[in-house]
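The structure under discussion is supplied below as structure tokens; questions concerning it will follow.
Just so it is clear, A, B, C and D label the chains in written order, and each chain counts residues from 1 on its own.
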């Protein structure tokens, strides 16, 4: 049995490294992106094997799902930009007159130059080799598991990862929400040009399926959020599921998106961090320290923060997918 | 012979096997980052490097007896969200760069920084994504 | 010693974090009023930092007990996260507040377009909050998160004008930053795997010179060197700093780069202290000399005012690297290095702000055609010159004291019998001469005969703030003793 | 014992369908026939695997969840296949299919 497990490990890891290699070696960007999504799904399997179901859930939803959607829509945007440039300026000759796909140049990367091969290989081998050496010399330390375990009964929740994320190391989680927001502010600061390129109407099938799937996604998201207090799940996974549902809705609209008005959208986006800050300040004033909770209040406060965080993350992920800043913003 | 089997069993334990694979992914991403020029591929390479770091972290957390370290898992979760945020922002920048210059390739070597820059303090400038003067800002078109 | 101060300190530290975050969140939620929120917030944060420093100096006369650690949420390390305030972080917080306030006031005039304003202020306030949190963080993983807050908002600020040069500089800057962060994170993961803790103080107690520490040191230092643009990992700096709007360049060159340097110093004085050997010091010192020479030559060649300033950052940070071998001989020298970094940040920020004013007036910053505006704007030129003099290290400026102390430390190395010390002395002295050359290059057109043309009108903020900041940089010499004494309140450091 | 045997047999048969579908994906010449191989084989294959797992379920709730998974995958797979086919119809073969 143990031998079979080792075999599984080896096959899985070989697959992961192989897919990553094919992804980075590919000259066609579409192929690279599809391989990257595969890579994310294989990683989720690896996380399950390492007894990290929370991370597997997050990897599948965020790492493979949302990142994959972002990459694919980026390729679609690059394609449409290039097509526009080439049809819009008839004087510019296509760079590669031999192929009909010349205007898709933005979606191709020529094979790397030969001269970078040896230096890059040497560098990567040295870094990898040193890393492996250092890792093989490490002791079998138990990490912080016993410490977390000893404090679980005062954390307010029953799931250790949620306890770490929203109680013991809540400050990290707070800043993480801030980072999502900053990335969105950065994308918005580039302008409000980025409507999704016009596509033919998707026909009745996609909207029909969504009518079935979106309610299921919402129920699943709420369940995952609620489950986070005692089982794998939590705000980030739930936010990613709801965000994915939102992205699907965006995709099902054939052309123009109804842009969300600026003010409510901003309020929803900052709700997560704002609530976190208020709870943190309350802790500071009440004498539990910044971001601290009274033991009796820990559970309701954690749930409250998680609900706000879920909504903010879902909104931010959809907004990052749409990428342009809301129209009302510039009024 | 027995010693060899023991070493093998030790080496193939998930607490060592997965960190090793993580280190390989890290190095592989680094290799791709150096060799590929298209910005989307470079972003993919950085993501693969990041996954390598997470694999080391989770592998290290799974070492030893007993349940895996929840702190390491929480850190990984945080790391994944940070990675997707940075990726989304980077992709938005790449789309914008392509819109302005017509390519999404970061050319090797130091760029020509004697190109004058637009001064937002001076003109009435609307960041609607249209290049102010298409001829002035081209970043060394290939 | 007033005991009440020591009791107030933890609350004041957490309060600073909360206040800077609150200002940033408020500006994000209400972008229409972002500039007003930003101005009030800048004043409030500066006042809070000054109050905090008064508390800190009153509370901690004993260097070994001067670090105040705040357990967030009441959870002590290793379970929870600790904020950490000592003389080093206090100094840099005050520096950030001074430069931050100056930049905020300048931006009132500089970013006047109402739509630009809504993009600029929230990002700038996030960057400032990120820097404050970076200097206060005492946990390895939390450092990674705060580094990401700083770098993402910094990249967004570089890109937000949306021009091709800015976006291309920003993309490069972002990729470099992500790579640096990942490298740093890998080092954190290695340390965590070996020792099972993330708190810097606990890590420091457990580290010795093993393979994990060596590899982690390489990864984390290389990652931070990338972010700090320390030679030879500096290629991205000039495009990003040179093409950003002036207040952003000032903050990037003055504060963000200093933040990464602060972390390198903190790690090498704490966790990686057992690894510092003379050979390592000499290697780093050599890199510093190379940076000094290369950056200065590029600054002498560059055609644009802001490019000159950006390359001078590469050169000036060479000094910081040259100081590493000195620190190994004279452990107390690190305080001089930090003092130098502080003076550099003040002077560099005011040079960038002055350059922004000139660029605004002239509509470009090509040095060759800038003479008319330079001649007509003596106040800005005086700010440029005054800050430049500080960068060069002429007598009676903050820069002079810093370089003098560095030189003294270098001579001490020579006297201690080290031959290579001669190289450090030559580099420190020669670097000053090179700096003089490229700074004179910036102001030289003023003294040529020619037309005077004030160019576009300039808001009073843009006119006066560079001068004020340059004056502070020049007068920083007067605060030298205070700074060095504050820095002495860093436990564990020599 | 019988339940275990049934589970093993059903999952093995399901895997055969997966293998056939994958072979079709790799060997068939154009997008439409690949989709045909993939969707049909995967739907039956997954159905058999789900059926096999039902014998291991601890209660009706588990069985319901497994069924739900199958139905949702069917719905998503059908839609995705439809969209891929539609895109191919309007845009031609994908760039990466040479």
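The rule is short, and it goes like this: a contact is a pair of C-beta atoms (placed from the backbone, for glycine too) under 8 Å apart; a residue touches a chain by one contact, two chains touch by 3 or more.
Note that the structure is predicted; figures quoted are calculated from it, not measured.
K.L.:
Any idea which chain sits dead centre by C-alpha averages?
P.N.:
Of the chains present, the most centrally placed is B.
K.L.:
Let me spell it out: compute each chain's centre from its C-alpha atoms, then which one is farthest from chain C's centre?
P.N.:
D
K.L.:
Whole-Å distance, chain C centre to chain D centre, using C-alpha means?
P.N.:
From the centre of chain C to the centre of chain D is 57 Å.
K.L.:
If you average the CA atoms of chain A and of chain D, how far apart do the two points sit, in angstrom?
P.N.:
26
K.L.:
With chain centres taken as the means of their Cα atoms, state the distance from chain B to chain C in Å.
P.N.:
25
K.L.:
How far is the middle of chain B from the middle of chain D, if each middle is the mean of its Cα atoms, in Å?
P.N.:
33
K.L.:
Among the residues of chain C, which ones contact at least 2 other chains?
P.N.:
Within chain C, residues 115, 119, 141, 145, 148, 152, 155-156, 159-160, 162, 167, 186, 190, 192-193, 196 contact more than one other chain.
K.L.:
Among all residues of chain B, which ones touch two or more of the remaining chains?
P.N.:
As it turns out, chain B has residues touching two or more other chains at 19, 26, 56, 60, 63, 69, 71-72, 75, 78, 82, 85-86, 89, 93-94, 96, 126-127, 129.
K.L.:
Which residue numbers or ranges of chain A touch two or more of the other chains?
P.N.:
131, 135, 138, 141-144, 148, 168-169, 172, 176, 179, 182-183, 186, 189-191, 330
K.L.:
Touching pairs of chains, which are they?
P.N.:
A-B, A-C, A-D, B-C
K.L.:
What does chain B use to touch chain A in their complex?
P.N.:
Interface residues on chain B, with respect to chain A: 12, 14-21, 23-32, 34-38, 40-41, 44-45, 47-48, 51, 54-56, 58-78, 80-89, 91-96, 98-99, 102-105, 126-130.
K.L.:
Would you tell me which residues of chain C are touching chain A in their complex?
P.N.:
11, 14-15, 17-18, 21-22, 24-25, 28-31, 70-75, 78-81, 115, 118-119, 122-123, 126, 133, 141-142, 145-146, 148-149, 152-153, 155-156, 159-160, 162, 167, 186, 190, 192-197, 210-212, 214-216, 218
K.L.:
In the complex of these two chains, what residues of chain D are touching chain A?
P.N.:
72, 75-76, 78-79, 82-83, 86, 90, 94-96
K.L.:
So in the complex, the part of chain A that touches chain D is made up of which residues?
P.N.:
28, 30-31, 101, 104, 107, 200, 202-203, 205-206, 209, 212-213, 216
K.L.:
Where on chain B does chain C make contact in their complex?
P.N.:
It is residues 19, 26, 33, 39, 42-43, 46, 49-50, 52-53, 56-57, 60, 63, 69, 71-72, 75, 78-79, 82, 85-86, 89-90, 93-94, 96-97, 100-101, 106, 110-111, 113-122, 124-127, 129, 131-132, 137-139 of chain B that touch chain C.
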